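Look for chain A in each of the two complexes below; its partner is chain B in the first and chain C in the second.
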Partner chain A sequence: MAQRIIVDPITRIEGHLRIEVEVANGKVSNAWSSSTLFRGLELILQGRDPRDAWLITQRACGVCTYVHGLSSVRCVDDAVHVTIPENARLIRNLLMGVQFLHDHLVHFYHLHALDWVDVVSALKADPAKASKIANQVSPAGNSGTSDFKAVQARLRKFVDSGQLGIFTNGYWGHPAYKLPPEVNLIATAHYLEALRQQARTARMHAVFGGKNPHVQSLVVGGVTCAADLNPDRISEFLYLHKETKAFVDNVYIPDLLAVAGFYKDWGAIGGTSNFLCYGEFPQQGKEPDSLFLPRGAIFKREVAKVQGVDVAKISEHVKHSWYEGDQAKNPAQGETRPAFTKMDTNDRYSWMKAPRYNGEPMEVGPLARVLVAYGKGHGPTKKAVDGVLKKLNIPVTALFSTLGRTAARAIETQIIADAMDGWIMELVENLKSGNDKTFTPYEMPEESTGVGLNDVPRGALGHWVEVKGKKIHNYQLVVPSTWNLGPRCGADKPGPVEQALIGTPIADPKRPLEILRTVHSFDPCIACGVHVIDPASNEVYKFRVS
Partner chain B sequence: MAEQILVLGVGNILLRDEGVGVRVVERLTEGYRFSTNVTLLDGGTLGLRLLDPITQADRLIVVDAVQWGGEPGTLYRLQADDLNRRLTFKNSIHQLDLVETLAYADMLGCRPEALVVGIEPADISPWGLELTPKIAAALDRLVAAVLAEIEAAGGSFTALPEPLDPGPRAPTDQVPL
Partner chain C sequence: MEQGNDLSRRLDRKGVSRRDFLKFCTIVSGTMGLAPAFAPRIAEALANPRRPPVIYLSFAECTGCSEALLRSSYPWIDELVLDILSLEYHETLMAGAGAQVEAAKAAAVAKYPGKFICVVDGAIPTADKGIYGTIGGKTFLEIAGEVVPKSLATICMGTCASYGGLPAAAPNPTGAKGLKDALGADLKVPVVNIPGCPPNPINLVGTVVNYLLFGKLPDLDAKGRPLFAYGKTIHDQCPRRSHFENGEFVTEFGSKEARMGYCLYQMGCKGPETYNNCPTVKFNEGTSWPVQAGHPCIGCSEPNFWDALSPFYQAL
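And then the complex of A and B:
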């Protein structure tokens, strides 16, 4: 008889996510991903000036503020048919690059690492031995015996005070934790260093964004930070970038390789079949060919056959979601008409719609981007992926997994950090040659439509706008976590997370650590996908086994 | 050196009264000039991104909507101990709540002394950029309470005259300022 496990909410994510699985013979045999918060941001935008949309959409979430701002500005750029100046393109790319660096660092260390790292076990580590291992893996500083002793002492304080803080709700001592105490200690030390580093990396947004969070420097037609394009501000940005890049090269990548080496079995767990990315970072020339990270779709894991993307093939299904009717619609004609029934995994069970491409569920995010780039022979991606596969001694097929997803995130962080060096220099060259243009004037048309396709840290993000009488008539967002975490579709095909969970081994149904590993590997962030229905709930963490 | 005071308005301005903390920071920014040891910050929905400014502060004054069961418009003053009990303190859509963010600051060895000036919201359901009339009417009292806390923490301020009407909005064919 199959056993049901419900984890609600999943912690260490933004927004509320409920995962229900059926376990038989020690493995997940079926899964349902459900968002218990209602979405409806679109409703607030109707009737407003299209120029204001980005200021509102960037408030949808406390994490992905810039990405919704940029997607929105791009879709209105499209609706008014404006081509932004070179400098505006570079600034927008640099700010987007910062978003990737910051989000991926925080995800690896603060939202995901504790699924693999047992912090309590780090107390048992021999600091001298940890120092020796750390120095073998990486040239990073702060890895002497005394450094690790200090980290242990600080950790001890937290454990003894009973105030583990962020470390509560952990499944410490779970048999699925495989790292030796010394590696746990190194990772815990880097967890703290990453905390410091992310705070500094976040400052980069303020340099060209005016402030952080919620940058203020975007505008339809370009950017407004003309006054910040001076040597002082650029070198401030460059300095913070070099520091972040050094952390990625010397700490993040070595940690990924060290931890992954103990979890190679996860190269066969948590995979999906189809992948979609819109691509990101426009270079000179026409999109999508000019995108630094290429656009494409992969079906049935056929990496060598990357297909082009046609937005007309996107549909949003509501058969298993709490919305009226069961008609699938393209986002350009999308509607948001909530109709809550009850939680029933056989019928409707989520506030998320189920997006499909050509009728298929598609995984979006770092793994999709890396696979599409790899399949298209993108030089930096090919080199980085082959390097990681060789170091870990695993085959390409191991990428279709939880391990592959987490590795892809680190790989693209490094690729983007490298590319940003070039964009900063391009900007400097433009300014040196006297080109300081940051804005292209335009006229708001009486009627128009626009689409903004972006690839943001969590995956493919699309904004659609319809303008009538120079005002927003309709607005739709299809966000990355909806692609990944959405429910079954009109054809009852499971969404990517639902598919990825099937086959996951569960050592102890009362402590389903393995479920968290796969769910967290998607970096769920669903505040924008959905919204509050029960804000008064005091439940911090609840899970039920039946 | 004077103690650094960070006034952090948090909340989601798309959820009516949920954004009251941000609205207070807007009022303070527009209506007052503060001594140099006072920083005002619109924090939006609290997350790790705010750790940098928080760890640089000695005193943290958070302004937020707090559901504590009182009549809408009731003001609250909560200190660290109250926060650690979590109670009805925010757990809506924020990546981390204040308690967790302060725990992170503690781990880095630079946790400011924190207090929350809160107000019981009337409506935090989606969607609306405006405060409800009840909370809008209570905003003066909330601003006054925050100003009193700033003064008690060692900051000073002067009120500015009413701002001039900025006039109609620039058309789209002009370079934005």
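And then the complex of A and C:
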């Protein structure tokens, strides 16, 4: 007989998310994803100075900080018809690269790892054996017997204190944990190391952005950090980047491979069918004509047939969301206003809307980007993906899974970290040749529209603005977590995470660890995902795409 | 000496080197405006084997304040979480989920009545009975009402929890309020505001240290902010102040004046009306702050700054 499980709150994510599943015969047979926070940022944006929009939209999320700021300045750049200088493009790309590195590191170690790593089991590990294993998989430092002994002692002291803090009521000893104690100890040591590394990685944002979270050096027309484009600052950035890259190469990637090796069965769990990405990192001239990570859409897992992206095919549905109305059919008809009814999975159950592309739910994020790049024959991606598949001895089809999603995130972290080296050198060459331009002046038009399409750590992100009387008339964000975690649409098709959860094995319905694995593999970001789309919001497809 | 050795032993047991620890204590005492002689006393207070319990609640927020806490380097976040505080509840970091963490929160409140420090980030939606934000089926308003009055003291981390922040910006679609406003005059527990978008984590650490050291919360200004951090304007502490006095202004981003680090007043800098210690403590291990990155201050630690101090690129 089917049993309902509600997990609320889902922890180790950004924001407030509730997951309800139905379990039958030890497996998830149905799932509902509900976002339980509504702030109404689009309404707050209306009537304001378009130049201020990026400061407001950046606060859509403090975990994926920067990305909504960047999307917004790109969107308003487009509306005022300005082409930013080369140096501004490079600084913006570098800051975006930092965001990917930081976000993915924190996700793997602090938001996702405890789904796979049993911290308490690490107490039983033999530190000498852990050291031996660690040295076999990676040249990373802090891997001596004494290092692991120290971590174990610190952990034991913590557990013995009886004050378990954030580890209270974890799922320790759950049968779905498969790592030997030594690997648990290595991963726990790296969980702690990564807590410091992420702060060092985020420092790169401060070098050219003043601070992190919430960088403050972007402006419509370019960047403001003109005084920081000097040898001292560039060296500081390079040093921090080198340190992060070493951590990615020597700790993150080896840990991913080591842990994944024990969870290969998750290469057949948690998959979806359709994938969408807008692409990211414009490499020259006007954004976004040339993109380092390519744009594309994949249907029914046909990786070899990557299709182009047409934003006119995007629609947002509200049949199962707490908004007035039934379905996003004709944007000109009626306003969409928040209208809470009650939590009812048969009716309305989320503050998120349900975006669809050509009527289909689309997964966005690292896996979508890696699949599109792989399908388009993107050199660095193909090499990295084939390498990981070979090392894990799994087929390409295993990518359509929870494991594949988590692996794709690590793969692209390494690809972006490598590419950043080149962008820093481009910046240095520009400055050496006397090109120190960072800003292009512009006039705010009386009326205009603009769009900013980006791919950010969690997936495809679009901002749309309509300017009237030099003020924001309408502003809209269609964001990654809405794609991934939105509810059912007008045609009652489940969203990607709802689809991915079906078939997930559940060993103990009272301790639903396996649900967290798949939900976390999407790296949910709920504050971003919830938006009211008012008269304008449904007008996505009416906006001109330049 | 006796005391010093004992401290070393206790730090050692916590896996913290005495030298690193004292270094951080010196930085914290500096931020708090205390004499360097206080550093050892701060170290002593923080090395207490019984770690002070903290319950961290997140409401209508963007998680930027929690992320800011993760960037703490004096001390590092792993030291805060494992060695110094007992973080009983924090949604972004908790290992468990759902019913398990809700139970952990309830148990912590019951175990430490009137003894835990509550930290809150995010505003509280109050319109339509607070239905715009729920956790575990309860509204943020209900959760705050259950937990905050039982705390020893509550610290509002960030402008949203302090004054409503972005969700409360016009037209305030969800009736969002800061914690004190939302809970009303009946709230007897002392509340400290650490505004900023997000705030510098050292100001949260300084507030907690003040309590551990002196057994009381720091002195506050009329807006509930600790004077050690929010006692002076950005403008009064700004390294570009001499350019202001000399009439040397940036009038266009990317210009020669911008490259030379001139005053950003005419670009809309809100430093003259903003109280915070950004110019002196800076962010991310003292790496930089917005004016150093060539961008005007937007006044993010002032109540209602999204409305009162915008448009941001217009001179005061």
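Worth pointing out:
We adopt the following convention: the second predicted complex is superposed on the first by the 515 of 546 C-alpha atoms of A that agree within 3 Å, B and C clash if a C-alpha of one lies under 4 Å from a C-alpha of the other, contacts with A are read in each partner's own complex, and residues count from 1 in each chain.
By our rule, contacts are C-beta pairs under 8 Å (C-beta built on N, C-alpha and C of every residue); 3 or more make two chains touch, one makes a residue touch a chain.
Since this is a predicted model, take the numbers as computed values, not measurements.
Three-chain overlay on chain A, with chain B and chain C in a clash. In the superposition on chain A, contact of A:Leu114 is made with chain C only, not with chain B.
When the two structures are aligned on the shared chain, A:Ala199 is found in touch with chain B and with chain C. By the document's definition of touching, neither partner reaches A:Gly270: not chain B, not chain C.
Comparing chain B with chain C, more residues of chain A are touched by C. In the superposition on chain A, A:Met444 contacts chain B only, with no contact to chain C. In the superposition on chain A, A:Pro480 makes contact with neither chain B nor chain C. Once the two complexes are overlaid on the shared chain, A:Tyr171 sits against chain C while remaining clear of chain B.
Within the three-chain superposition, the chain C stretch that clashes with chain B turns out to be 77-85, the only such case among 5-13, 77-85 or 239-247. When the two complexes are superposed on chain A, the residues of chain A that touch both chain B and chain C are 13-16, 37-38, 40-41, 43-44, 51, 56, 59-63, 65, 106, 110, 154, 158, 163, 165-166, 192, 195-196, 198-199, 202-203, 211-214, 219, 221, 224, 439, 441, 527, 532.
On the side of chain A, the complex with chain B involves touching residues 13-16, 37-38, 40-41, 43-44, 51, 56, 59-63, 65, 80, 102, 106, 110, 154, 158, 163, 165-166, 192, 195-196, 198-200, 202-203, 211-214, 219-221, 224, 439, 441-444, 525, 527, 531-532, 535-538, 540.
Residues 12-15, 42-52, 55, 67, 84, 86-88, 91-96, 99-100, 103-104, 106-109, 124-129, 172-177 of chain B touch chain A in their complex.
By the touch criterion given at the top, residues 6-16, 36-41, 43-44, 48-49, 51-52, 55-56, 59-63, 65, 85, 106, 110-111, 114, 119, 150, 153-154, 157-158, 161, 163, 165-171, 192, 195-196, 198-199, 202-203, 205-214, 216-217, 219, 221-229, 236, 338, 340, 343, 351, 436-441, 511-512, 516, 527, 532 of chain A touch chain C in their complex. Residues 13-15, 49-51, 53, 58, 60-68, 70-73, 76-78, 81-83, 85-88, 90-104, 107-108, 125, 128, 131-137, 166-167, 169-171, 173-174, 176, 197-198, 252-255, 258-261, 282-285, 287-295, 298, 306, 310-314 of chain C are the ones touching chain A in the complex.
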